[in-house]
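Two complexes are shown next, each including chain A; its partner changes from chain B in the first to chain C in the second.
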Partner chain A sequence: MTLPIANIEVLYPLMFACAWGLLVLTVEMFSLSRRFVGIGWLSALGLAAVAGISLSGQGAGEVFAGAVALDAFSVYFYVLLSVLAIFAVFLSMDYVPLAGIIHGEFYPLILFAVAGLLVMVSATDLIVMFLGLETMSMAVYVLAGIRKDELRSNEAALKYFLLGAFASALLLYGIALIYAITGSTVLGSVANAIASTDYLAADSLVLMLGVGMLLAGFAFKIAAVPFHLWTPDVYEGAPTTVSAFMATAVKAGAFAALLRIVLVALAPVMPDLSWLMWVLAASTMTMGNFVALRQTNVKRMLAYSSIAHTGYLLVGVTAATAEAGAAVLYYLAAYGVMNIGAFGVLAALTRRRHALQEISDFAGLGQNRPVLALVMSICMLSLMGMPPLAGFVGKFYLFTAALEAGYTVLVVIAVLNSVVSAAYYLGVLRAMYFQSADAEEYSPRPYLNFAVTAAAAVTVALGLAPSPVMGAASRAFSSIILGP
Partner chain B sequence: MVTPNHYLALSAVLFAIGSIGVVVRRNLVIIFMSVELMLNAANLAFVAVAYGRGLMSGQSIVFFVMTVAAAEAAVGLAVILAMFRNRQTVNADDIALLRW
Partner chain C sequence: MTMHTPAPQEAALVVDYLRYIPLAPLVGVLIHLILGQRAGRAVTNIVACSVVYVSFMLALNAFWSIYTGTPGTVLSDHVYSWISAGEVSVDFSLKVDALSALMCMIVTGVGFLIHVYSTGYMWHDPDYARFFAYLNLFTAAMLLLVLADNLILMFVGWEGVGLCSYLLIGFWYTDMAKASAGKKAFLVNRIGDAAFLIGAFMLFWGLASAGHPGLSFANINANVDALPHALVVGAALLLFVGATGKSAQIPLFVWLPDAMAGPTPVSALIHAATMVTAGIYMVARLNGLYMAAPEAMNVVAVIGATTALMAATIGVAQTDIKKVLAYSTVSQLGYMFLALGVGAFGAAVFHVMTHAFFKALLFLGAGSVIHGLHEEQDIRKMGGLRSKMPHTYWTFAVATLAIAGVPGLSGFFSKDEILAATFDHGNYGLWAMGVMAAGLTAFYMTRLTVLTFFGEFRGGAQAESRIHESPGSMVLPLAVLAVLAAIGGYVGVPHVLGGHNQIGAFLAPVVGHHEFQISAATEYALMAVSVGVAFAGIFFAWRLYRRGPEGDKVLSDWLTGGYEGMAGAYFLDDVYDALVVRPIRRTSEWLWRVFDVEVVDGLANGIASAVTNIGGVWRRWATGNVQHYLLTVLIGVAALVLAVTVRS
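What follows is the complex of A and B.
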């Protein structure tokens, strides 16, 4: 059978993710067990297949008149997002019954969110990007509020939804204004139109307003100051494995789309706007780190730490050189696995319907559950930037690239921030190893333990041997600058 | 004579009304309606630009945005309803369980 669309192979990974989501949804209807472990396996299998299809190299190119592209950049993120989602699924296979989630839609919703993210990272048209963003957001709103009887989960979903919808409307109106000036929503044409007109004179206000609204919408999605206020509330109230998914996969997808916009569509105006990214980066990391210092709830602390990491990543976006872009891509992978590990340990501490999230709940973990404590230590040290772990290598690449691009002051701020962050990351270690508590009985959690151990192992491996991922990252990044 | 620029101005006014509504109103349903107004303001802008410049793309974009708005209404009202069942309130000020 041939479909009347040229280059339809480009869409195979996407189509597969959507179809597999529907399949899992159908199978789940007939599922007899309320633990949904089989459904989890089925979802993980589908996600692995998405990564496999995109790696198979079929159909590189563009489809729908240049609205969706499967270049090396898309493939890098397809694989990264699939891997992060598989981690989230494995964490959930034990967490879902523990948290008392009785809705089998949980796993299909993760698949639909991944499908939205895939659209978002491979879109080369602002409207297609918006559609991917909305598909993803819609699934994640529901995931955040999936515990319908739990007030905190309700509240997290509500805050995320209202602010998310507001940010989406802002983003869409920004796109409309850019469309009004340039007459196109395709990234390359927008860049050409901006470059060929004297945007500083005529229509400059409307165009700048549009660019500002677009960036504000994305700043919300990546949790950058001053659009970060939802982050701690939503991460705290949402089920822990959903928070893990939001902090890693959703952030990676949003950064991918932001990179495409900033470096392709807005390339002609970026030299005049780099000060804005500079301020965004500096304020985001400083704000995130200093508020994280005074948190006693580890989940909220991780939320502020995720805001701080948005700031570090924005340093790379500000520098906008080939090295910095590759470093952002590498750091998104490193940050993803170490954060999955940290949220995973939090999920592993859950008792029946009762989440243990305070730092004091970590007391004595080093004696009572040494493996979990070791995983948490690796993740905390990596988030802090301790060599030879992935977090250190990522920061090293990022900050070196920014230094070479001439952003010395920004790098100094970033390094000082990393030092400040040590205080709260080490606080968790102190509780685990230097305070004692009575051992508790836990039900066996094979999938959770497997997933967090694997995340810690990947964190170490990415730190010791960064070159394969770094190589893929720089190939991926150069594909959006130079074309496929 | 009504030109596309008049429609653009109207869309800017609608967008402003919507964003002010989100900020000043405390009823969740009204906040949500204000967001929908903002999306429709963007729709109007797309159509006006497409008409003024003689393009088709802006007109077709509106269909996608309408679909997004409909899906958002389904999810959003469900989220508000779940909250209302547990709390018997749709006032944004009563929702303050999570804070630092």
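What follows is the complex of A and C.
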């Protein structure tokens, strides 16, 4: 049977993710266990298959008149997002029963969120990108508030929803304005229209207004200053493994869309905006790091750390060269695994329905849980930028690319920021190794332990052998397709 | 004037065993981690020492190849290509030339002795497996630092030794002050490291745009002429700031005295013999860069001489046996930087070596005293240990005479070469500062030895009955180091004394060779001055302190207010607290108030009103911070859109 759509293979990974989500949802209805471990396995399997299908190279190209493209860039993110989601699923397989989450929809929602993210990163049409973003957001709103009896979780969901809706409106408005000037929402046509006409002429105000709105919408999703305020509250209130998913996969997806749309499609306007990105990058990392210094709650500290890392990533966006783009892609992978590890250790320390959150709760971990403490140390040191871990190599790529693009002062600010950040990451190490506490009894948490150990191992491996991932990132960034 | 001939570039001899030099201690770390306390004390001790011994033998092999090979022989071991960014690739490559061969010998040789000593020193500590895991990890990182053939790989070791130093300073964490000492050391070093990284990035960028991409030391030293002069000076200065962090110089030396909170073998290994010399090693490694930046060299020399003098004055007024040695280390490191600054790279490395011998010996001796006195560190409560701990006394005395610069012992030769080179360089002011510091060194070291080992015991009869000499595992390393501290200088006997300065000739292919322009007569005169000053220091200290610590009173009456400043290290900690720490804290506080609305308090109130339904949340929304957030977002959007549109 041949379907009437040319290049339908492009959509296979996407279609598979949606279908598998529905399948998991159906199976879950008949699930007898309230721990949902089998459902977790099923979801992880589906996510692995998504990565496998996208890697198998079936059908590269575009579909639906250039609305979705499966280029190397999409494949890079398909694989990255699947891997991060698999990590989140493994973390959840122990965490879901511990946190008292009694809703089996948890896993299908992750799959639907991933499906939305896949659309987002491979969309070559602004409207399609928006569809993906909304699909993802809806799933994540629900995930953030899935502990219905938990006030904090509800509040997180509501806050994220209200502010997220606001950001969506901004994005949509920006898209409309861009459409008004260029007459298209397909990225290729938008790019051509901007390049062929003198965009600095009369219509420029409207166009720039649109670009500004678009940037504000993305700034919200990636948690850049001053659109970051939701982040600590939401990360703190949401179930820990959902926070892990949001901090890593959702941020990666948003950055992917930002790169494809702003850095490539809107490339002609970028030189005029680089100073603005400069300011965003500098203020985001500085704010994130300085406020993180004050946190005693580890989840909030990690939230501010994730804001600070948005700032580092924006250094790459500011530089806007091919090297910088590839560095951002690499950094998203490095940042993803080290944060999965950090949030995962938090989840692993959950007492019955109560996540450990204060830095003082880490006291004595080096003695009582040496492996978890080692994992946490690796993640903290990597976030701090300690060589030879992934975080250092990522910063090396980002900062050298920015230097080559001429942003010396911004790099100096970034390096000084990483000095400040050492102080709060060190606080966790200090509690683990230089304070003692009585050992707690924990129920066995095999999946969590496996996932965080794997995340730490990947953090080390990505640091010691960055070339394969960096090579893929380079190829991915240089292959970005915009559609007709 | 000092002459400097650039190092000739020789083809590298490819070998594949260099990687095992840092790898062996790393294997030890893994064994300690996996087996932990289960292995038992004996197995842990044997593993910890034997992995360092393996490194030592491999290093000896490499050293022998360099020593017997043609001058300028280089061994290299390319493991793999680590980071490739554009046209630049950072390799995981190790290199041994004369400089790194010598450093490797110091790190593994002295390191091995200190490992052996530690088996005795830590015999009663329940956490010995963790201790040796850190100590082995430190050795691996230090060897990586020394063997790296490029700046970025060196930075891996550079950060690694800092991390181990942090973990070991806080090793006895039951004392809160000790844990904060570790944090201080780490953060002060991070400031230096940031400067190091920015300097490395500048070179990276500069060399790439000059068409010579790559950060290998050979590439930097060879192509420094292709770079703009301002960039060379800037990078040299920034890297030097990194060196002042690791090697405890003004302005970043404040962490080293606090670092004495760690176990004493750690002070000997990390904070005297090896890690703190990393900054000197780095500058010597980059001698091509520094020779091309005379402005930076002057800064290095001035900072070095000032630190040497200032730390020596502080050392005079300390009462903690380890604090005296810590400031002494800062002061001696200052000498090394002074040597680097006047272009006498070989003399600096020579002093690194002799200092490693006598200062490690002094710290281990101090550890033996502390061990024998059951954790007493106040020299006012010691005295008369000469008869009770004879082995410790004899070895400690040798080290004291060596560091004081008594002719014939190792410290005399290396310090004399530095002072002669400074004079030869024409900088008489710096020379005078060096001479003064030499006198003070002889003074405070004699004070320390006299107060500890001579006179009557001042710690009370009960403590006196429990004093004991240390076990063989601790005394044996003392003896070996005492021999080295005595005769280690004979590899560098100057020509005017009929020697051949073999170490200078050995290092010349790497760091260049300098010939004194001053006459032999001047050299004799300089030598006489420094010997005279050393004996004067010893004499006055003996006069003042042979009757006990009352000498401090005499000194403080004489110096009036100055003595208080010396005892308090000129209150630099308070200055930094006011200038750096508190402003950062205040900024953080302010940003936090503006941006981080206290949701936790608000929530606690919400629960108190017992509204746990959605309605409660809605009400909180109506009164709570979502409005605040939306307002901020709105302002942000307005600013962003305004910024975008106004610009176009």
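The definition used in the following text is that the second predicted complex is superposed on the first by the 480 of 484 C-alpha atoms of A that agree within 3 Å, B and C clash if a C-alpha of one lies under 4 Å from a C-alpha of the other, contacts with A are read in each partner's own complex, and residues count from 1 in each chain.
Note that in this section contacts are C-beta pairs under 8 Å (C-beta built on N, C-alpha and C of every residue); 3 or more make two chains touch, one makes a residue touch a chain.
Here the structure is a predicted model, which means the values were calculated and not measured.
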item	value
Chain A residues touched by each partner, larger count belonging to chain B or chain C	C
Partner chain(s) touched by A:Val291 [first = chain B, second = chain C, both, neither]	both
First, second, both or neither for A:Asp94, with chain B first and chain C second	neither
Touched partner set for A:Pro232, first chain B, second chain C, both or neither	both
Touching partner for A:Leu162 - first (chain B), second (chain C), both, neither	both
Contacts of A:Arg152 with chain B and chain C, given as first, second, both or neither	both
Touching partner for A:Ser204 - first (chain B), second (chain C), both, neither	second
Contacts of A:Ser184 with chain B and chain C, given as first, second, both or neither	first
Which superposed partner A:Gly212 touches (first chain B, second chain C, both, neither)	second
Which superposed partner A:Phe399 touches (first chain B, second chain C, both, neither)	second
Residues of chain A at both interfaces, chain B in one complex, chain C in the other	149, 151-152, 154-155, 158-159, 162, 166, 170, 232-233, 236, 291, 300
Interfacial residue positions of chain C with respect to chain A in the complex	33, 36, 80-86, 88, 90, 152, 155-156, 159-160, 163, 166-167, 170, 173-174, 179, 182-183, 186-187, 190-191, 193-194, 197-198, 201, 204-205, 208, 584-585, 587-589, 591-592, 595-597, 599-600, 603, 606-607, 612, 614, 616-618, 620-621, 625-626, 628-630, 632-633, 635-637, 639-641, 643-645, 647-648
Of all residues in chain B, those that touch chain A in their complex	8, 11, 15, 18-19, 22, 28, 31-32, 35, 38-39, 41-42, 45-46, 49, 53, 55, 57-58, 61, 64-65, 68, 71-72, 75-76, 78-80, 82-83, 85-87, 95, 97-100
Chain C-facing residues of chain A, complex	149, 151-152, 154-155, 158-159, 162-163, 166-167, 170, 200, 204-205, 208-209, 211-213, 215-216, 219-220, 225-230, 232-233, 236, 269, 272-273, 275-276, 287, 290-291, 293-294, 297, 300, 304, 323, 327, 370, 374, 381, 386-388, 393, 396-397, 399-401, 403-404, 408, 411-412, 415-416, 418-420, 422-423, 426, 430, 433-436, 464-467, 470
Touching residues on chain A, where the partner in the complex is chain B	127, 130-131, 134, 138, 141-142, 145, 148-149, 151-152, 154-159, 161-162, 165-166, 168-170, 172-173, 175-177, 179-180, 183-185, 232-233, 236-237, 291, 295, 300
